[in-house]
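Note that chain A is present in both complexes that follow, paired respectively with chain B and with chain C.
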Partner chain A sequence: MRIEVKDLCHVYSPGLPYETVALDGISFCCEPGEFVGLIGRTGSGKSTLLQHINGLLKPSSGTVLADGVDINEKSEEARALRRRIGLVFQYPEYQLFEESVIKDVCFGPKNQGLSEEDCKARAEKALRLVGLDPDEKGQASPFTLSGGEKRRAAIAGVLAMEPEVLILDEPTAGLDPKGRRDILMMIENVRKTQNITILLVSHSMDDVAALAERVLVIEKGRVLMNASTEEVFARGGELRAIGLSRPSASRLLDMLADRGLTVDRSIISKEEAEEEIMRVFKKWP
Partner chain B sequence: MSEARSAQNSRCAVGLSSRVLDKSDRLCYHLVVMNSEEKYIINISELCFSYEDEESKRPAIDGVSLDIERGSFVAIVGRNGSGKSTLAKCLNALLLPSGGAVFIEGIKSTDDSRLWDIRRTVGMVFQNPDNQLVSSVVEDDVAFGPENIGVEPAEIRRRVDEALRAVNMYEHRKKGPHLLSGGQKQRVAIAGVLAMQPDCIVFDEATAMLDPSGRREIMDTISELHGQGKTIIIITHYMEEAAAAERVVVMEDGRVALDGSPAEVFMRGEELESMNLELPFAAAMAARLRKRGLPVPEGIINEEGLANWICASK
Partner chain C sequence: MAIKDITLGQFYPAESPVHRLDPRTKIIGTMLFLVSLFLVNKMGGFALCLALLAFVVAVSKIPLSYIFRGLKPVLALIVLTMLINMFLSDGEPLWSFAFLKLTKEGIYRAAFMAIRLVLLIFGTTLLTLSTKPISLTDGLERLLKPFSRLGMPAHELAMMMSISLRFIPTLMEETDRIMKAQTARGADFESGNLMQRAKSLIPLLVPLFVSAFRIASELAMAMEARCYHGGEGRTRMNPMVFARGDLYALLVMTAYLAAIIFVPVF
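== the complex of A and B ==
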């Protein structure tokens, strides 16, 4: 599914003394199957933007188009489109409520009017996709799972609705390092196998650098940058000015360059940074 | 206990039975402290804790003994559910031990009559800044704690100004907290704790919800406070933050699994991995380079150290 956001504005409490312009003319596209990272400091408007993309908030002005159709139209078509856009909130595990994991994951498809059998098949598929064995964990109470497993079960609940666009808001916040790695691998796996459009909001520049093809930088409700991941992370000075940073690998290479070594500062991944350091050592045997 | 409740409890230090300490009590307290060993601010002895509402088999804390040195900077790490936050809440009597004991400046945490002293000594900063701010104006929020313990108005004014300056938020003192960024709100929460003049501050995942600059602001504030002699305990999932401490304690299944300097703890990559943890970026990169045959010395745990070694050895 292609998402196109056009001149989107959102004003909280219009006309009141607390009037706040949260989004101020945002325009961008996500192509089908694309993986887009969304970064920006706290309060930049990221979460407000996400809630517009699946129709939870209505724009003060501007439009959100899904495959060319305005998702806020009052038509059956627009409603069906909204359902194909899945949003995983921050700390989604707080929304787990059923007595068993499988029932919780079935909740979404059940509401879509699917038969019990189809719901179960969908739920099992979604659980496998997030790395939870439905036979082993399906009947367990969601509350007996570990922090990372709960988070994955909650994400399975969204995947079971088979969205064509998956929006993830800080999916690794508050998890231990292994939990974080598992979630990232799961996202990578979903992307490879499901061919869906993914929009990832994260404060971890390393995660965005590892996963996204393109990065959108939001600042004060506007799009500050919209370019390939490499191009965005090359603009270190501008990122720092708005409270962000380059990924760890890039920062290490910056330090080496500052100390007079000739290294490729455009590198953003650990693997390439490792090769670059090895190259430095080979040059001076 | 919810985070918001915990935050308020830890700032409303007045227990029913300890509204005011009389003079002789205070004198006695000072004598005890003077005479006791000055080296440690907190002693934890065979601490056990189980949550009552959990039918779970395993206690959240299962026999932890730790001594926290005065003025030290300690990081506590461990997987989700390893008992880190429970341990933190035992340090200022938000939770009371089911077994063993916690001593704060020599005072047992179960001593209800000394709750004031305990909470005055150990302050807590929690994960979500929005749960910790109680007023609609920044400086009122910082004054909340001292007001609650009956500090003189002039002294409150002085403490509030000093605390806001210490976290670089003085110029924002008249603003509403909702107008601040996450990092700024968290700094106001720290100022609220500082206004209680604690000797020790516990940060329970205080950077988890912040963007990179917010995290940097808080880590800078923490190292400044440490430089001023405060005892700092941070609980974190970010190994880079733990690497900035003087001592790292690794919790696993409610017990202490590793305890040492960051260099010592981060030498044990495989053990950490088995406990769902990882090495800080620089230590992980050093390990990868070692595997490729470079003689990177053990004990490199930050980017600075790694960059220096590469430049000196290439």
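== the complex of A and C ==
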């Protein structure tokens, strides 16, 4: 599904003394199957933007188009489109409520009007996708799972709706390194097997650099940059100016370069940085 | 639209002598004012009440529209009281229909009751407009302290009140968040019959309860970690001071009450 955001503005509490402009003329596109990273400091309007993309918030002005149709229209078509856009909130584990994991994951498909068997099949598939064994964990209460497992179960709840666009709002926040790795691998896996559009919000530049093809930088409710991941992370000075940074691999190369080594500073991934460093040090006299 | 837009309490921030008064003074003053409203039995007395109220409002720098806003929720009650008094009082009938009769005494009593109710609300509204909810509970705690000898847990009551006030916005935000998350999973909170709607609240209420317990246990831990052990021997960061302004305010209130009781015109 192709998502197109056109001139989107959102004002909270319009007309009241604490009126705030959260989004101020945002425009961008997500092509089908694309992996887009969204970065920006806290309060830049990222979460507000995400909630517009599946129609939870209505724009003050501007439109959100999914395959060319305005998702905020009152038609059945727009409703159906909204359902094909899955949104995973920050700390999604706080939305778990059912007595068993499998029932909780079934909640979404059930709301889509699927039969009991279909729901179950979808739920089991989604649980496998996030790396939870439905036979082992399916009947457990969601509240007995570990933090990382809870998070994955909650993400499965959204995946079970088989969205064509998956929006993830800081899916790794507050997890330990293993939990983070599991979630990131799961996202990669979903991407590969389901071929869906993914929009990932993250404060971890490393995660964005490792996964995204294109990066949007949001600052004060406006799009500051919209370019390929390499291009965005090449603009380190500008990123630092708004409280962001280059990925840690690039920062390491920057430091080496500052100490007089000739290294390729445009590298953003850990693997390539490793090779580059090995290459440079082999030439070491 | 969003739940978090709902404002809690109605404190109107301003720099005024009324805002600066000790909350205890304001609570006592308001109580005296409320008592005086029930001592008044002539229209002349209300003129004095109104004059005092107008004076305090003028000093407090609170816009009149905010004070009138307090009337809105109780407007129906006032109208009902007026109607009952107008039609169901004994006296010289001006107009009658079946068991309803409009009497001169009835109209007078209706006006009297309405004025009393309106002034009652103005008085209490003024208190909440000029005092932050937290200082209000602080003031109450201090005022209730003498009763703790009789076994009343004054400090605990006040602490409970301040904690619940503090966490209402947090829980509202939490509700908003969970509601959105479940809506994103296709939950529908708005359509269907009563039974279906009640059922649709389960995905909202269960996570909300879980969150509330989590927040409560985290708060308890944080308080414990800072050595909270109840009200015994506890001192305040901003002790309430009875200043010169408070003395003047109480003198004005005493003079006012004396006038209501002893001056025959009122």
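Following the convention adopted for this analysis, the second predicted complex is superposed on the first by the 284 of 285 C-alpha atoms of A that agree within 3 Å, B and C clash if a C-alpha of one lies under 4 Å from a C-alpha of the other, contacts with A are read in each partner's own complex, and residues count from 1 in each chain.
One rule holds for everything that comes next: a contact is a pair of C-beta atoms (placed from the backbone, for glycine too) under 8 Å apart; a residue touches a chain by one contact, two chains touch by 3 or more.
Because the structure is predicted, anything quoted here is derived from the model rather than measured.
Once the two complexes are laid over each other on the shared chain, residue contacts for A:Phe143 go to chain C alone; chain B is not touched. Shared-chain residue A:Pro32: touches no atom of chain B or chain C. One of chain B and chain C touches more residues of chain A, and that partner is B. When the shared chain is aligned, chain C comes close enough to touch A:Gly108, but chain B does not.
In the superposition on chain A, A:Met278 makes contact with chain B only, not with chain C.
Remark: chain A residues 12-13, 51, 54, 56, 83, 86-87, 89, 92, 94-97, 107-108, 111-112, 143, 157-158, 161 touch chain C in the complex. Only residues 40-43, 146-148, 173-181, 203, 205-206, 240, 243-245, 248-249, 251-252, 255-256, 259-261, 270, 273-274, 277-278, 280-281, 283-284 of chain A touch chain B when the two sit together in their complex. Remark: chain C residues 2, 5, 174, 177-178, 180-188, 202-203, 206-207, 210-211 touch chain A in the complex. Residues of chain B touching chain A in their complex: 78-81, 127, 181-183, 205, 208-215, 237, 239, 273, 276-278, 281-282, 284-285, 288-289, 292, 294, 303-304, 306-308, 310-311, 313-314.
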